[in-house]
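The same chain A turns up in both complexes below, where it pairs with chain B and then with chain C.
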Partner chain A sequence: MSIATSLPGRAALHPVPLAWRNLTANKRRLLRSSGGIGFAVLLMLMQLGFERAFFDSSLMVIRGLDGDLFVQSAHKYQFATQDPFPAAELDAARQIPGVASARPFYADWFDMFWKNPADGKIFLIRAFAFDPDQPVFSFAQINAERGRLKSPDTVLVDRRGRPFLGMDRTAGQSQLNGVTVKIVGNFALGPDFMSDGTVVMSARTFADVLHGAAGNPPGIEAGVIKLAPGADPARVQAALKKTLPVGLSVMTKDQLIAFERKFQAEVSSAGPIFAIGTVVGFVVGMLISYQITYTDVADQLPQYATLKAIGYPTLFLLRVVLEQAALNGLAGWVPAWLASILLFRVIGELALLPMRMSLGITLLSLGLTLGMCLISAAIAVRRVVAADPAEVF
Partner chain B sequence: MCAMVAERPAPIPAEAAPASAPVVSVDGLNHYYGEGVARNQVLFDNRIEIPPGQLVVMTGPSGAGKTTLLTLVGALRSVHEGRIAVLGRDLGRLPPHDLVAVRREIGFIFQMHNLFEALTAYENVKMAEQLGHEPPETGRRHCLELLERLGLGHRIDYKPRLLSGGERQRVAIARALVNHPRLVLADEPTAALDKDATRVVIELLKETTVAQQAAVIMVTHDYRIIECADRLVHMVDGRIVSDVVLHDALRICEFLRPIDLFRALTPNQLTHVAEKMTKRHFSSGETIIREGEAATEFFLISDGEVEVVRAENEVARLGRGDFFGEVALLSGELRNATIIAAEPLETFVLGKDDFQAAIEASPSFRDQLYRVYFQRH
Partner chain C sequence: MVSLAWRILTHRKGRTLLALVGMFMAILLVFIQLGLFYAVPQGGMLLYDNLRFDLLLVSDQYEYQAQPGAFPLGRLDRVRASPEVAAATALYFGVAKWKGGAGGAWPDLFVIGVDPKSRVFLPRSIERQRAALERPDTILVDSASRSIFGPLDTGRVVDLGDRAVTIGGHYRLGTGFMGLGVALASTASFGRLFPGRGPGQVNLGPIELKPGIDPAAAAATLRRLAGPGTQIFTRAALADHEETYWTTRTSVGLIFGSGLLISIVVGIMVVYQIVSTQVNRQMPQFATLKAIGYGDGALAATVATMSLLIVAAGFVPALGAAAWLYRLIQQRTMLPVTMTLGHVAAVLGAALGMAAVSALLALGGLRRADPADVF
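== the complex of A and B ==
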């Protein structure tokens, strides 16, 4: 005698949508449960959004550099830290076959003090510099205005810099490290979690401004290398590594981005803080989801036991509970996702951070939501598994 | 009321058992609750065999073991000691996942309806129907027919909270019957029903037994159902103390009533005697009692003839409605004749103790017996 324990094919094909019906039967309860789960999802989305904004803002400068390979000190643990090397080191790079150009990129994050032209207050900002005849940025506005930078002591200011810096082109002039500079244009970059604003200038102005501060001509923070058409990046990278001093590293743009991302995620405190924030949201969501599923299962335990009694396998009941939990998660995720788009926009504008909903955040938050609901349902569903069908008599 | 039987779809053939085989067979069943020192026996050596087409009503006081027996027969508990065969399958030998499959062939009616509040009446029935094997359209039609039949045709899209207690219970009954079960187990199925709804439910259950040859085992104290039962099983303290096939009891009463010996008995006394009698068959030529033996039983001939033989000579013939074996029981002497079946014989037998009890219970019965006794001597 062969007795099948799986559901007959028809039940599998056209079942009563029990999970959906359970979910939608009580609109008020659905509103409460989706609100609870949605709150946890929103917590996770905000953490993910902040984390992504943090990474993106720290990577915007690297992404904005117009190069195929980048030379920087091998001792750097992140891009935005200072370890300059002589610009002359790039002369050897220019001799490597396949290298079309090797341009110096100057930067300073720690010694550049900007005076707000309106109120006279002084703030630490970051400064980037290059030879106006050897542009290194792909930002159109910087490239359009780079001719103006040839005049001494001229700067371009970041109009998305924090308002308290007073980086307003209409101001005409201001002071950097006590040196009066003329504001000749602006660009839109925005702050990151380290810097509130940015000025861009020529290498000559950069030297002038820092000469007063350090007393020595500045080194460069990176060499921006463009390859000749058809050149093999890996081969040129290998040749550069062989040619340049041991203290310099050569990375492609992707490697440089990964280098920076690794620092932010693993070394800096910010990455783990956002990750922990996301985990807290996940745990809160799990608790809420568990409470919702547990209450629902407890309320319907006699019904589930009855289904067991009339011949439904336990696996079917598990599927119903898990399906309902997943639907509950979706019901919470959708409004939270929509709300987060609005919140991202508002916070992005207020905090001047690149808060954007991305496909990655969308999929990750959806996965986390389903995960937290299914895990909590898997714990709560033990009551259904233990339900004794004999008890319904 | 009980005679109303509508035509129903053909029953689903059983997988393992022939149609005539008992639907339920219980033998030597013991059951326990608890473990170790707390282990408590709740069923004691119960035996019962229920053929197809029988509506069995189980009665007994609370804690008598009715529900436990019902859940064991329903494959909802594991068998501890003894044997239970349902639809030809020995439940004690089946692994748990096969017990689930057996339960799909049983219709369960619980005292608590346990309907999903989120589903409509139709969907609650369909939850059970989709476990069956009917094509979708037939299944859907059958769900609707059943609900219609149970007076819920206008409420198929209602959710349980909009139904009365009786209506909810009728949905649960439809859920139990929708897959044409060959066994229905019911616990107080009409407790929440009014008179008309009860009538419809009883009709349906009777139809199930007649048209589908299903067995229905029902725990109830509703006299309206007891009136229609084919068999009454009474349990006390975990034991089946009385198991009466009412059809046989009625036949026995019909036989006993015209006999002078039993005429003085009240209907209750007559029924009590009938309930104590068990059916026994003898083949032609078989000796039923032997001259010189000690008397242990009283016999009533239901069908066939016997020869009364004394000293190897036939002295009389007894037929349908006659009785024998009472003389030695009354006198305490040994049998004074040999009784041999002259043809295939059906008798109802009353044991010595029950015979004596009946005599003690009714002085008039005793007087009648003695009058017959002295007439025969």
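== the complex of A and C ==
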């Protein structure tokens, strides 16, 4: 069971899993130490979870766009900003070999005001639109109901939008910019840190709501391009760049995600805030773990000295202390990890954030936990090294 | 009991130092989470903190500062005519593309339109540059605007939306949640930048009352004057409204609230560990005290005093370190993380609470101290 017995050669010298025995000798103390470490780990896990949810929520729409290449204004500094271009520019893109389809994607984050059907209050929301015959999203719920958007002035609403928008209720109709729209279905997307809720509609309804029925057709925010089977994305991308006007950029999906991620990381405060939280959790955890090891070593000093006196090398004792610190860390990490899965769910539902436990967060938190326990144990263990059998008794 | 607690703590200096460092970190942790918890609502108050007003006239569709809705200018004129009012200013908000950002980007600039003659802005730098603001198509740029806007040198001409504007100077107020960059323009320049907007669509109407007038009473009168479709906030009501918006309408409250809660639990665990280690080490001595006739109450008082001493000794350096870290966070994240008396009081309260809970937990062990067992 122990790490010690798994090493041949050493096994004869110490068949007893000493670290394990030390750890479990005093159940109350174990509960106390794993509780202390556990909460420090939980703090780190929450911060890591929030950071991930922040980036995930801002990338959700991009990830949900069903395309291989994306055309947008070259002046955009983030995806979620207005910089439309004429839909007709995509005609040239469709002529390029390897392009299977180039579909218009309309969006607005600044000018769409939704009326809560229940209380009549008006809120800024984000609106997405496309031609119902040329879907651009890979969200199944939107695609299943896109046919109904063909009737004029119909919309799908985000039932995961913030509650005060009233999108979760089964209202038959509401108003967008004063235009009465019929709610013909819904989907679950959720807010990000910029928009509280989302409305999806046809390009025609989008134009009606923005400019009135007689107004100019609005520009598109992105062209969603799908490649023909076997086409080389890099070559098509290069050909598109050459054909399209200089004011437009062409990105693969990965590039578009990286573009948005870079903006969020550089400009928003979320990255540093959650990093500070994680570092603080790590330092506090290190301190708790140091206290545990220090106290434990101090209490067991006579025993360690005895082992030394009967011939166990210092290195062996060192390993016992480090093993014990690692086990202590694990004893805190496991319950904290389990608790965080539950907390992610609860907070994710309450805050409408995509809080999900990922392999990345799992491994990172495990590494941080073992790191803080081993570093602090390495500092605290100096006493064992110095333990002089003659002095202890 | 105080002297006994003191002696226990000072008996092994190294151990006590360790306890102090632990306490220091636990308190610092609570300070940081609390600072972040309030930073967002404080960021939302940035503009208001820099405006001179007693009452604020806004649309009844007002959500929060950056999404205020609009009301007709006539409403503000009616209020201005009232004898209680010293000044009533119209502020206009608009967002336009800054076509001169770094690397060819066109970031969105938040433009505030204001009459240059008004004294509504507190920063002196704005008043000093009134002449520049009065020049047509000239803006003052907030120097806290992000680097994505490129160089913001005075005299630079940039296309803002469809119009060329000149940077006439700088001021520093902070961008808050208005956007990545903020600029001031005169009402006339603003009207040319946003031709669709017409001066009738006012976003905020800060009102300054004549000296000696009670804001709450004046608000009631002015509400009737302003009429339907508008509302009037006193400063206190506005601060409440904004804080409620950020903590309940967004994810902010939950995110930093949960961080705050967990940090307090971590603090309790740290203090508990410190106190219980001390108690365990002194168990024979405590048992002896019991044997010679000291009651449980006296021992409990000793433990409680120990906890309090540790908290007090950890609090002062933690306060200093937190003030330093707040400044660092403020510089790095542009969030207004500031130390207030309320923060100090709240964290001190939390620390005392942590000490009380952990002393109670440690007392469980003490009560079992049986003189017969120990020896």
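Observations on the model:
We take it that the second predicted complex is superposed on the first by the 352 of 393 C-alpha atoms of A that agree within 3 Å, B and C clash if a C-alpha of one lies under 4 Å from a C-alpha of the other, contacts with A are read in each partner's own complex, and residues count from 1 in each chain.
Just so we're on the same page, contacts are C-beta pairs under 8 Å (C-beta built on N, C-alpha and C of every residue); 3 or more make two chains touch, one makes a residue touch a chain.
Being a predicted model, the structure only gives us computed values, none of them experimental.
Considering which of chain B and chain C touches more of chain A, the answer is C.
In the superposed model, A:Ala203 makes contact with neither chain B nor chain C. When the two structures are aligned on the shared chain, A:Thr295 is found in touch with chain C, with no touch to chain B.
In the superposed model, A:Val181 lies in contact with neither chain B nor chain C. By the document's definition of touching, neither partner reaches A:Ala325: not chain B, not chain C.
Contacts of A:Gln303 after superposition: chain B is touched, whereas chain C is not reached.
In the superposed pair of complexes, A:Gly35 makes contact with chain C only, with no contact to chain B.
Within the superposed three-chain model, A:Leu18 lies in touch with chain B and out of touch with chain C [touch as defined at top]. Judged by the touch definition given at the top, the superposed model places A:Tyr312 against chain B, while chain C stays out of reach. By the touch criterion defined above, A:Ala87 lies against neither chain B nor chain C after alignment on the C-alpha atoms of chain A. Across the complex, chain B meets chain A through its residues 15-16, 67, 70-71, 74, 76-77, 89, 94, 97-98, 100-104, 106, 108, 110-112, 114-119, 123, 126-128, 130-133, 135-136, 139, 159, 175-176, 187.
Those residues of chain A that touch chain B in the complex are listed here as 1, 3-5, 7-8, 10-11, 14-16, 18, 21-22, 24-26, 300, 302-303, 305-313, 388-390, 392-393.
Listing the residues of chain A that touch chain C in their complex gives 32-33, 35-36, 39-40, 42-43, 46-47, 50, 73-77, 81-83, 110, 121-124, 162, 164, 191, 193, 196, 267, 269, 272-273, 276-277, 280-281, 283-284, 287-288, 290-292, 294-295, 343, 347, 350-353. Chain contact summary for the complex, chain C toward chain A: residues 18, 21-22, 25-26, 28-29, 32-33, 36, 61, 63, 67, 69, 95, 97, 99, 101, 104-108, 146, 148, 180, 249, 251, 254-255, 258-259, 262-263, 265-266, 269-270, 272-274, 276-277, 329, 332-335.
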